[in-house]
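Heads up, the thing below is written out as structure tokens.
Chain naming follows the written order as A, B, C and D, and within any one chain the residues start at number 1.
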Amino acid sequence: MQTWIAKNRTTLVIAAVVVVAAYVFYYAKNDIAPSMYVSAWGYAIPLVLASLVGVIGERSGVVNIGIEGQMLIAAFAGFFVAAYSGSMLAGVLAGVGSGLVAGAFLAWTTVRWRMDQIIAGVVLNIVATGITSFYYTPGQILPGVIPNLTVPGLSSIPLIGDVFFTGESAIALFAIVAALLVHVGLFRTRWGLRTRAVGEYPSAADTAGIDVERLRIINVTLAGSLAGLAGVYLSMDASSTFERSMTAGRGFLALAIMIMGMWRPLRAFSMALFFGFISAVASQLQQTGGFAVPPQLTGTLPYVATLVVLAVAAGRVRAPGAVGQPYVKKDQ
Amino acid sequence: MLLDIRGLTKSFGSVHANRDISLDVRRGEIVALLGENGAGKSTLVNQIFGLITPDSGTVSIKGDERRIKDPRDAIARGVGMVHQHFQLVPVMTVAENVMLGHESVRGGLLDLDSARRMVRELSEKHRLAVDPDAEVEDLPVGTQQRVEILKALSRRVDLLILDEPTAVLTPQETDELLGVMRELANSGTSIVFITHKLREVLAVSDRVYVLRQGEVVGEVATKDTDATRLATMMVGREVVLSIDKTAATPGDTVLEIEDLHVSDDRGLAAVDGLSLTVRAGEIVGVAGVEGNGQRELVEALAGMRKVGSGRMRLKDLDLTTADPYRTHHAGVGHIPEDREKHGIVGTYSIADNLVLNEFDQAPYSKSGVRQFDAIRANAERLREEFDIRSSGVMQTAGSLSGGNKQKVVVAREMSFEPTLLMAAQPTRGVDVGSIEFIHRRIVEARDAGAAVLLVSAELDEILSLSDRIAVVHGGAVVAEMDAADADRTEIGRLMAGDH
Amino acid sequence: MSDTTTTDPAAPPTDPGPDEPRDRGGLLAYLIGHQSGVVIVVALVISLLVGAALIRYQGVNPWYAYETLVREALVTPGGFTRTLQKTAPLVLTGLAVVLPLRVGLFNIGGQGQFAMGAIFGAWVAYVAGGAGFLGALLGMVAGLVFGALVGILVGVLKAYRGVHEVISTIMLNYIVAGVTFWLVVGPLQAESSKTSGIPKTETIPEAAQLSAVAGVPVGFAVAVVLAVACWWMLSRTSLGFRFNTVGANKSAAGYAGIPINRVVVLSMALGAGLAGLGGALEAEGTLHQFEPAIVGTLGFDGITIALLARANPLATIPAAFLVGMLRTGAAGLQFATQTPTLPTGITPEIVDLLLAIILLMVSIPVLGRWIFRSRADKASVATTSWGS
Amino acid sequence: GCGGSTGSGSGGGTDSSASGSADSGAPTDDSNCADEAVFCIGLVTDTGKVDDKSFNQSAHEGAKAAAADLEGYYKYIETQDAKDYAANMQQFTNKKYDVVVTVGFLMTDATVEAAKGSPDTKFIGVDQGYPEGTSETNLTGLVFPEDQAGYSAGYLAGLMTKTNKLGQVLGLEIPPVQKFAKGFENGAKAANPEVSVKTVYHPAGDNAFNDPVWGAGQAKTQLSQGADIIFGAGGNTGNGALQEVAKSKGAGTDTYCIGVDTDQWDTVPAAQPCLITSATKLITKGVTDTITQAKDGEFEGVQTVGEAGLAPYHDFDSKIPDDVKTKVDDVVKQLQDGSLKTDVTL
């Protein structure tokens, strides 16, 4: 425990400062602060889910630049299946399932066929755009809404309770759980140890009796279901519509957040929140009169902030060792 | 009979890596595999471990003849293996590496405590000290090799395969390892041991199989043979094991290092107040346990690493701030320690690799345009002169065997007649035939007037090649002596920090 | 990235490698020797067949659809010129991906770099428009420079701050979109649009507009020349050797005295500069002004083109031509296939679908393996150094 | 080998050279558009689609309706790339179409050019205001007083709000959107000086009109900051805002939303729980009317001013107090007869 604290001192100090600042702002500016936090979390939800997809993939050694496409396909499938079947549940399942299929596509092409991972991701994105815009049909509506839940106990924590646990959609709550689970899974379980080994140094895993390709395929495929859920969130929860290209680059942002989060689920979670908060600030600046910067420029704030943070912090960031490379066994 | 191999055959495309190999290993026996680079040793043992599937033939372990599907299968049958290249996850701790693949789990979570305990017990039992919580990438190579061995021993092993485990070890570490091997054998474990060092074969093995071009060309009991006979069997001709060289006639000082300080990748002091001079026409051997600043010293000299403080001068040129480009063009030839990483570009042809640091100079480039005829002519000449075995100069360098890759590097670095030649581990993992050749070229370079700085973890190499020896410990020179006065055990003592 | 010299005609003649077939003669051996070309042809055929099935499913005769597509793009009066006009920026955004890819960088910032070049190219060409062709030239230079500035920022962040280029280029796409939009409704907005508020710059004077000479747009000629120049640079010059070496083995490049950081910055600057030049040419050659819509998806298409071309600069020309042709013909296809039974016609999105299938087929290694059994390349076409 | 053959699909093909429309009724193809008796209408979208639930769709429906009314033939092209406007219009002029509708102010210049080049075809530019001195007689720009529609909607919102806080979630900051937005703000303040209006434009260029998730997020924020009526104006981005309000707790009782362009009661059914009205410009009607004019003879002038106003209240008819309705009706009338100005300047 003590060594853990010593190791993570900077992180802990920053985290403490941020939390204190958040509470101060919350109590000092109670008319807008809560809404900005809610807004930040709103931005962050799909990014959290999608960045987990990136984390799992890259920790296993597979770059997933196709998250955008996976989300788009899932948003499409979820929305239209729900609309046509009249069942929200069917929609969610279809969305998650199609994310899974898209994940399996990426897994199979890159791991089994050793297609270049970036190319496979780009192909996935183009295919997703092509299919979803070609087969888009207007005029459908969802048969219901994703249920909102309030978590007893947790919801009464000041600030945190309001933002994360009060009347939150089930998917948002799941995103929190997923981040925690993936974190614990990666760093505390057998699956995680093996996954990290496979992503860092696959031949070491292979010689230790681990089936590298199988684990990679499973991970990338299952991660696809999280991308699917992110897509479902976009078309069935955050908005109630599917539109062409509605993912609007969030899959790519998620990759940036994954890197800012140093390939760690909980840090990615905080970085998504950070990004969401800057976006909320940018919108708020537009609405708070008397601020002279044009909206086109304030709109770039989150991206500029991301670049600045990376430029300052990136030196220490290191990607998993084998990411991007297919694992080729000795006699192939 | 613990291991029984019958008629094992494996080819890669047109290369017959193993041809109809039959051999056996008894319980508690240490069997050495000898052979030149590319003779098929690794291929053979990789088939025992399930990493490579044989084309035909059988491998039976304890009488079980079923095909070994994968390493998992091999492990289950009691095979453990230490691979030629480390198979450790650098960013994980020793305990995590050791438990990988057979993790103990409690309540769904990894039980790291029991893994730590296991590492401690094993390392006590075999007297291989390691800290279970250290991250592997922070460990010196010798210790990493210990982790590899612990990893293999952490499972039930009846047959232990060691593929060139001593290539990166110091003499002391090697002796420790040989001791462990003997103990294991005495307690009933069978061992297959691959090495290029005949001394080790003679010291520890019971029997020797010699491979040449994929075939078993001989099998002898160790007690019935000696180094010369083994070498002859391996290469198929007589090999000169000692180096034939005249006394040095040192000239002017070429390289002068004064109070040099250089940090390693983690920012810790690696070279710490080192001073050394090398004169034209002499070979100065730097002896030392790996990890005592040799790598950083060479990289600093080559301009690949920032110097903290101190002075390095090549004749009139200040090397402290020079980059690799200026260093090279000032006449420094550099045979790098890690040839795959620094020495060659695997996807390039041999020809391109032979001009890797001269590509923008005449005659290989005119006004920025590359001159392929000149590049090719140069390659043809060097291929001939350095006996680089390949199908042609346009073959990709990555497809060459280790020894031939090294010859490409050596050829390149010697072809421009350097004033200073730095050779870092120039014969690591290279077979005796090629070692002989490379050593001869280094001596020739010296005789042509080059100053040679030889860095090697191979004490025998240092002793036989150097004219002067500098022993380093803790990043500084702790003793300097004439090679003629050098004493093996004395140097070993100094290397270990006893001074 | 793996070196692509196997398909690079610039490499000196190769000795038969150990893997090359000696046991089969004639046509098959020839085909194996040129397998990347064959794979691409087969990939195209398969893709078109899949596309045909989709079109058929919509109730349209695929043969008629393809014929229309090609007729509209190549035969219809002015069609060929328009196809070339569309090809020109695509070649350049393709090169913008290819050059950094050779160094191991994945430039997905073509959108932003193109927009940056387009707006400043349009503006300079307008200001200097009185000078006629010289003004047009200045506009091109401005496009090149401002595109390159974006690239330099990416390169410097990568080389000296370790910021991954994929991330920085994505961020810069957004930032440039914001900045150019602000410029075009603010400081650089055309006077005449100030009242209507239309976001566009002043129209470039006629003398400084680029037109087509004998049906060949000036922009296309420039793009082809630059593609050849890039190919020559990469395969024949010391600079190209530096690029390729950094891409193939960074450590060895450092050892060989190649200034890696400078090569990284330079490759990004050149690539982004070419995208910027593409933007300027587009502004001067087609719209004669900057509008935000000028970018379209040209930057992202560049990725497709670079991948189709397997990072070979020369091959960006046919790849871009293919994309340009499909995009040119798409409107005519929709127009020609609208009937009372299919009121939407074949929507232009069919092109994206076709391109996706083509890219998939071209880059799937199994296809090569299937055609040539075990003889196919093991490595995939062009790989990037994501992790480093 | 590769199985299958390209030509295997038989029939079902669209044969462009099939015989023309000889008999009575609407023509079935466009091979005879040059014929006096055959009336052909073409439409070119800006880079949107005809199902965009916004102006492209409205114009498309107007043209379709005109074709049905006038027994004409109708086709459209969805532009993919802003550089194709001219070429796409040419598809129609080559076939001697009688009327070509171009949609969106981005096509302004291209439409004038095309009109110059094809004097025999009549052009209708939706949302296009031409520069002074444009004199082509085969051309009219159909413009709408968006500020008036926005003003009326704002006026209604100003009267209806209980929190005195209104929100607007908007697409890109371009003239038609700005006119709606500023009109809305002025109208709201005119009705209720206490009111404050939060305004947010989508910042990014590419997908500013197609980011429903962003729109929904902004609406959520504004709701939580106390706004109780939200005006969503910006294609799918604005629609996202409407849908978010529709999902909020007090939708239809405490919180309301107002749509834009068309009566979004029909185009965005998901917004019905909160949609009290939409600030509309009657593009569909305008397009149908101008096409009819074109068939009958001459356009009114280089610019045609279409109608803008409020959509019906639908289910909220009974929930809106009568005095509010009366006041809003008055304002609409005064705006129409010119006695009330919106004071919107860009």
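One rule holds in what follows: a residue touches a chain if its C-beta (ideal position, glycine included) is under 8 Å from a C-beta of that chain, and two chains touch if they have at least 3 such contacts.
Predicted model, so just to flag it, every value in this text is computed and none were measured.
Visitor: Using mean Cα positions as chain centres, tell me which chain lies farthest from chain A.
Guide: Max centre-to-centre separation from chain A belongs to B.
Visitor: Express in whole angstrom the distance between the two chain centres, defined as the mean CA positions of chain A and chain B.
Guide: One centre to the other, that is 44 Å.
Visitor: Which integer distance in Å separates the CA centroid of chain B from that of chain D?
Guide: 74
Visitor: With chain centres taken as the means of their Cα atoms, state the distance from chain C to chain D in Å.
Guide: Between these chains, centre-to-centre, one finds 35 Å.
Visitor: On chain B, where are the residues touching two or more other chains?
Guide: There are none in chain B.
Visitor: What positions in chain C touch 2 or more of the other chains?
Guide: 174, 178, 181, 185, 347
Visitor: Using the touch definition from the top, which residues of chain D touch two or more other chains?
Guide: 173, 203-204, 206
Visitor: Report the complete set of touching chain pairs.
Guide: So the chains that touch one another pair up as A-B, A-C, A-D, B-C, C-D.
Visitor: In the complex formed with chain C, which residues of chain D make contact?
Guide: 2, 4, 6-7, 9-16, 28-29, 47, 50, 75-84, 87-88, 90-91, 105-106, 108, 129, 131, 172-175, 178, 203-206, 346
Visitor: Within their complex, state which residues of chain C touch chain A.
Guide: By the definition above, chain C touches chain A via 54, 106, 108, 157, 161-164, 166-168, 170-172, 174-175, 178-179, 181-182, 185-186, 303-304, 307, 347, 349-350, 352-357, 359-360, 363-366, 378, 380-388.
Visitor: Going by the contact rule set out above, which residues of chain A touch chain D in the complex?
Guide: Per the stated touch rule, the residues are 31-32, 34-36, 38-39, 42-43, 46, 136-139, 141-142, 145, 234, 238-241, 243-246, 248-250, 280, 282-284, 286-287, 295-296, 298-300.
Visitor: Within the complex, which stretch of chain B touches chain A?
Guide: 10, 12, 46, 49, 51-53, 70-72, 75-76, 81, 83, 85-92, 96-97, 99-103, 105, 108-110, 151
Visitor: Using the touch definition up top, name the residues of chain A that touch chain B in the complex.
Guide: Listed in rising order, the residues are 184, 188-190, 192-194, 196-197, 200-201, 203-211, 321, 329-331.
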